[in-house]
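One structure, as structure tokens, below. Some questions next.
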Amino acid sequence: MAWADLVIVIMVVLVLVAACAALFLKNLLGAAVATALVSLGVSVFFVMLRAPDVALTEAAIGAGLGGLLLALAARRLGLWRIEAQEESEHAGGPAC
Amino acid sequence: MLTRYGTLLFAAGFAFLLFVLFTSQPLGAPPMLAGQALLDEAATTVGAANIVTAVVLAYRGIDTLGELSILFAAATAVGLVLGSAHRTLGAGAPREPGGFILRAGVDFLFPLLLLVGFYIIVHGHLTPGGGFQGGVVLAAAFVLPVLARPTETLSHKAMARVEGLAGGVFILTGLGALAFDRAFLAPLLGPGQLGALLSAGTLPVLYLAVGLKVGAELASLLLRLSEDEADA
Amino acid sequence: MSEFALLTLLIGALGLVALGIGGLVLSRNLFRVVLALALAEAGANLLLVLVGFRQSAWGAIAPIIESGRDAASLTPSMVDPIPQALVLTAIVIGVGVQALALSLAIRAYGAYGTLDMNALRARMETDIDSAAGTQPARCQHAPAGGRPLPPISAGARRADTPGTPA
Amino acid sequence: MNALDILLALSALMPPAALLFGRWRGYAWLAGMVLTGQIILLAGCDLPLAAGMNLEIFGRSVGWRLDAFGRFFALITLGVALASTVYMGGEWGERHAAGGHSPRWLHGALAGNVLAMLLLLSSQDLIAFFIGWELTSWAGFLLMAQGGEKALRAALRYVPYAMSGAMAVLGGLALTLAWTGTLDLAALTGIMPTLDNTKLALLLALFGMGFSIKMGLLPFHLWQAPAYAEAAGAGTAFLGAISARMGLFALALLLVKLMTLTRVADLAFIEGLFTARDLLAWVAALTIVLPTFTALKQNDARYLLAWHGIGQGGYMLLGIVIGDATGSAGGLLHVFNYATYQAALVLAVFAVMHRTGTADLNSLGGLVTRMPLTFLVMLLGIIGLAGLPPMNGFVSKWLVYRSLMLDGRPLLFLMTVIGTLGTILSVYKLIHNTFLGQLRAEHEQIREAPWSMTLPMLALVILAFVTGAAPGLALSWVAEAQAALGLPVLAYTLGGIESPRGNLDMLWIVGVLFAGFGIGALLFYGAGGRSKRVHQLDNYAGGHFLSADVRYHYSDHFYAGLMHRIGPFYRSSFTRLESAVAAATDLAASLMQVWYRQTVPALTLLVAAVLGLSWMIWK
Amino acid sequence: MSHSLLALVVALPLLAAFLPPLLPGAIRRLLGPLALLLVAALGVYLWRITLIEPVSLALGDFRPPLGVVFYVDSVAALFVLAVALVTLLLWPWRGDTSENLDRKQSLTLVLAAACGGLAVSGDLFNVYVFYELAAVAGYGLAAGGGTAAARVATFRYLILGSLGSLLALLGITLIYFRAGTLNLAHLADLAPQTLHDPFGLAAFFLILLGLGVKAELFLVNTWAPEIYATAEARVSALLAGLVSKLALLVLARLLVLVFPLPEARGALLILGMLGMLTGEFAAFRARDIKRMLAWSSIGQLGAAFIAFSIPGSLGLAAGLAIALHHLLVKPALFLLAERWGGGLARLAGAARRSPFGAALFALFALSLIGVPPLPGFWAKYLLLSGLAAQPDNLYLLAGLVVLVTTVVEAVYLFRVIGMLHGRDAAHSEKPQNMALDMTLPASTLAGSGAFAALLLAVALAAPWLTAPLARMALQMNDSAAYVARVLPATATSEATK
């Protein structure tokens, strides 16, 4: 197995782990960060697939802007407050 | 529980089915019926060294127009949903201004981001990157100061003007082709010297419009999401 | 890129799609639903670029003609530019939709104070019903406006008639 | 423009005219004159007649062409419409309008019905036929719905029936087109009998169901009585007299002309024993018996008559299904006869309602002295309905009985006789509870109905009497219709029929009857003619004096003994069937709504995608 | 190319959507209707020339398989006209604030542009873009109702729609993976060798599910009752009337051009039948008009799917007739529901307040259930005669479903008519009914009346419209002509090399 292949396998595993983290992390802000990480990982794949334009776009829009959007939204949803995280997974958000 | 495992099973099944479909012929050897022909002629007919740009702006310019419209529609819809009339900062929890370092950094970053953004945009037809990526950088340049200093605001009206102007320029440039008896969105002014900054006809103009429009729309999206709610 | 690497990427892309869709179905939290959607979209985009990847004898070249190189010699080994253009479009579309979804979630949260899909749906149905002035859906009453046929009256039970007028 | 064009054009002008000028008092007279003109025009023209208007839609021509069979029904339609219009134009219409109802819409609905029926009766192909059919249904709905809240509910109950019927017909139409390649009735006449048995049976089932619903054949009859009874007065008369007969027209067209009765007889449930034709005959016979005895139970005069309307349809169908010259002539003639006396009866009942405000048989009585003309109309009408000489109802029923006997169907004959028995019993209840017996104190000041009401009623019963005494007048049209339909033609005379197996001469019968009356009168008056006229409230019973407020005349629970005997057979089986269908629909609807209340539609989408993809890949 | 004008179908509404911030108030209110009028005029012009011969336009003058192609046959031209007219009739003249009105008008214009684009586009991915455009504009408009319930419903709609788009994108990826092109004509040319196998069918199924979301296809139509119950009536009218038809048209085109296979037809047929059954029966128990109309429209679109599954131009004619008829009737009904949108019980006696409105409702109801000589009857006639002519028994079953559901439809529509004409609300026991004014505003009556006028005009002109309809169906069915027009022979051979 070539080094390049190994790198790719590791990357894929990392991306999938990040994706799982995005889905299963109790902390929604952390999940948002994980999603941005997935985007970053995917943009690396784009580079490998000789798609620099797409890679740039994914990094800038998917990871950067998307992450920013998620973070801003999370703030307005009150997900930055630590105490809210416990119930958010079960009751789906802080009780009003 | 049943739903959970059932869903996982079906999601895995879906992936498996797609795997079967995508491995039914070898990867890495696409038929590229349209792709190859396009690669062969793009340099000469469009004159953009970055062929993806040629596809995005020339061959599939209408897709890009649609995409800009989607972004426009999304920004408009977000405006409709979140509203903009009330920008009362005192209503919610008072937002602390960012730290000194953040503010200083933002002040330093602003011209830099602006420069980088425009650079990416105008070189879109030559190198990777272009209107979209540059637009994001521009949006960041304008939004970061606002995020750092809550007292500062950007005029939604001004952004709407920029947005409208950029969109109008894109369509009018496309329609300009009609005056020369060409089809909508046909690149004008000839392909020029491959690899030169002023080449690929009207493509840089289009990309500039795209960049401004994307920048303005993304900035307005970000701002709306960052604004505190005035009413529940 | 070896065939193995491509297959790995394929599995990665499909894994993202599957995780995204599965997460979309299973998440009750609106915010996480949006995250799941973003994951699935990233996977689909990767898939589209993967499909346009070409591994020729001289390796794979990005579809950009570097200055000073002869275009004709490069193009036969370039990867397909069309899917890349499509993915550019798809990414931007995805972000637009994501922003819209987030703003809707913010508003829903603002109104109902929860992000739980089940609770929101129930509240929504109650709101719809009360706005229309109708019975809630679970209620097994007759539809407003009456049944299509008059109920069997006592008189009709005795004889094959719809009853005589009072 | 030929006569048919003029006829249709005039009818097409009337509904908008009614909607515009219906409030104007003279409108009824105008409409009456137009209808009279149409009758004269129609009676005088030579047939068959094709309309000039011929449309080309989706490569098929849609046209109208009237033959003698259609004309027979068209004349009845116009005649009944004339009587109803005149009736509506007078005092009754004013009262109706004063009650918050719109005379414009009532006139408009009636005119719309006439137009729809003329279009139906003169259709040349199945598309034109279906257009007419649907227009008839919905114009009928419009007429039914105009009698207030109850009428509206009854009309809404009619909707599922009408629509099921229409859809069955439309399905039959589509299959006919697919199997024969044509929709032209003339072309179908040759082609349809050549279809194989399965296809023919399916077509018969579809069309048959559609037509039976309109006709009110068992088990599709439940809608008819309330819908017809609750309609506004003149509307009830029109609906009851002719509307349901459109189903008979269509059935006759289908069975006799398109499929031919011999082919229908080929469709056997049990080879050689029980065929589709037998089924139809038995359905017709049951339709005579069951609704007639249901009518017996009614305490509302309108419902009583409406239930009879369902039962009388059975005679007509029975005659046509028998299919010989006598039987089919009897069936067709019964359409005409029935229309005359049914319209008269309904109008009479509404005249009583007009004066007393009720049609409840338990709260009427003794009106004979107050409304003698109306009494006369009702008397003659019920004689016709019961099928007794000298009225025309006797002739048509006699023809049907005779053909049943000659055809060797004694059981069916027995059924018709039982039905007639029930009819006699129930019409006696009608006239007795309304006009005979004790006059109610609150009806003391009742006057005879106005001329605008009695005139049409009288005209109708006189017509019923004249065509009873001289059935040849009507039989000429019947014979024409038989010829046009392809049935054996009845040999008729002015007084009845002439055949080697027995004549009927109504002139003689009526003559003898009146001679008998005359002799009886002579004997009575010759013997002194002793009779004493007392005041109706001057009551003596068995030597006991009863004060005016005590009723000695009870009309509640009429035929209580009989009802006690046959009651067990009258469980509400059909009503239950109807409710079961409704409940099943409701249940299905609830189940379907569950689908649209999913919490996670994405899950369904995922499952569907997986299953669909698997199907596509491994199929 | 003299037909380069047809790009204006998309460009004009978009321009009118983008420019308002740059213009003074007086002009900007007129810009949208003006653009739509121009598009309508363009539609009429295109329809007249395309009835003779379809036209195509290679955008940017690029050789067809490379660039994006617009292809306009008479069907597409008619839909362009319909898009412009219906949008104009449903134009949002009023809003709560001037800002929101601007936004709604912009979104409406974007929606019109997207619908026009869907009608004329000849490129698979371009279709996807326009579809997404219509979707996003639709989400925005649906959420614009302003209530919290509308936001939740829109969120659910958005998630389902995005998932659908994702599936459609996967389908497109599959097709590109196999065929290497996105041009519909090119795909039609290549399909017999490359796509007529389980692989292609799988791709078709994914696209069907994806685009089916907007077309209210069974399985992915659960959003419809929620959205139509919460959105503004005009928006519901746009979504149910226009957007669903365009999605349907795209699917039908895909079916005819690229996947004319029995399995694909079977999927459409079965899903259409299920949609009809569930929609009409669910409407039977609906308690308020808006959801009743939503379910009814699901049922009607099911009928259209059934029609398009019939092979040959007869099925297309039936499908077009049903779709166009529904396009005329459903928006008008939703307009009436603007004021009459609540529970059915509230409608008691409303006919006395607005007799004209009640008459319009009755007219549309009659046409919807197919009472001749209204246009709905001809659509149903075409559908049933098409179904009866098929040898497969499944088609006969579909015919039965159509007949049964029509009866159900008649019952619930007439129940409403009965309610309208029933006893006045003042007489009923519930006092809160008195507070609601059931008198329809003049704007509603005018809009709805315009639809009714169109409907009656079609009814009167039916004998003269059958030939154009047949011609349209023939053109749509003629995939060889499509390929030949978009890819002249030289281009085909060169591109496939």
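Side notes on the structure shown:
Order as written gives the chain letters A, B, C, D and E; numbering starts at 1 within each chain.
The definition used in the following text is that contacts are C-beta pairs under 8 Å (C-beta built on N, C-alpha and C of every residue); 3 or more make two chains touch, one makes a residue touch a chain.
Owing to the predicted nature of the structure, the values given are computational and were not obtained by experimental measurement.
Taking the mean of each chain's C-alpha atoms, the chain closest to the overall C-alpha centroid is E. For the pairs B-C and A-B, the larger set of C-beta contacts lies at B-C.
Between subunit D and subunit E the centroid-to-centroid distance comes to 44 Å (mean Cα coordinates, whole Å).
Centroids built from CA atoms put subunit E at 30 Å from subunit B.
With centres set at the average Cα position, the gap from subunit A to subunit D is 76 Å.
Averaging Cα coordinates per chain places subunit C and subunit E 20 Å apart. Under the contact definition stated at the top, the residues of subunit A that touch 2 or more other chains are 51-54, 57, 61, 65, 69, 73, 76. The set of subunit B residues touching two or more other chains comprises 3, 7, 10-11, 14, 17-18, 21-22, 30, 32, 34-35, 38, 50, 52, 59-60, 63, 66-67, 70, 73-74, 77, 81, 128, 132, 218, 221, 225, 229.
Each of the following residues of subunit D touches two or more other chains: 153, 156, 159-160, 585-586, 590, 593, 600, 602-603, 606, 609, 613, 617.
Applying the touch criterion to all chain pairs gives A-B, A-C, B-C, B-D, B-E, C-D, C-E, D-E. Of all residues in subunit A, only 1-2, 4-5, 8-9, 11-12, 15-16, 19-20, 22-23, 28, 31-32, 35, 38-39, 42, 45-46, 48-54, 57-58, 61-62, 65-66, 69-70, 73-74, 76-79, 88-89, 91-96 touch subunit C in the complex they form. Residues of subunit B that touch subunit C in their complex: 3-4, 7-8, 10-12, 14-15, 18-19, 22-23, 26-30, 32, 34-36, 38-40, 42-44, 49-52, 54-56, 59-60, 63-64, 66-67, 70-71, 73-75, 77-78, 81-82, 126-128, 132, 194-195, 214, 218, 221, 224-225, 229, 231-232.
Taken in their complex, subunit B has these residues touching subunit D: 3, 7, 10-11, 13-14, 17, 20-21. On subunit E, the positions that touch subunit D within their shared complex are 156, 159-160, 163-164, 167, 198-199, 201-202, 204-206, 209, 219-225, 263, 267, 277-279, 281-285, 295, 366, 369-373, 377-378, 380-382, 384-385, 387-389, 399-400, 403-404, 406-408, 410-411, 414-415, 418, 421-423, 462-463, 466, 470. Residue ranges on subunit B touching subunit E, taken from their complex, read 17-18, 21-22, 24-25, 30-35, 37-38, 41, 45, 58-63, 65-67, 69-70, 72-74, 76-77, 79-81, 83-85, 157, 160-161, 163-165, 167-168, 171-172, 174-175, 177-178, 181-187.
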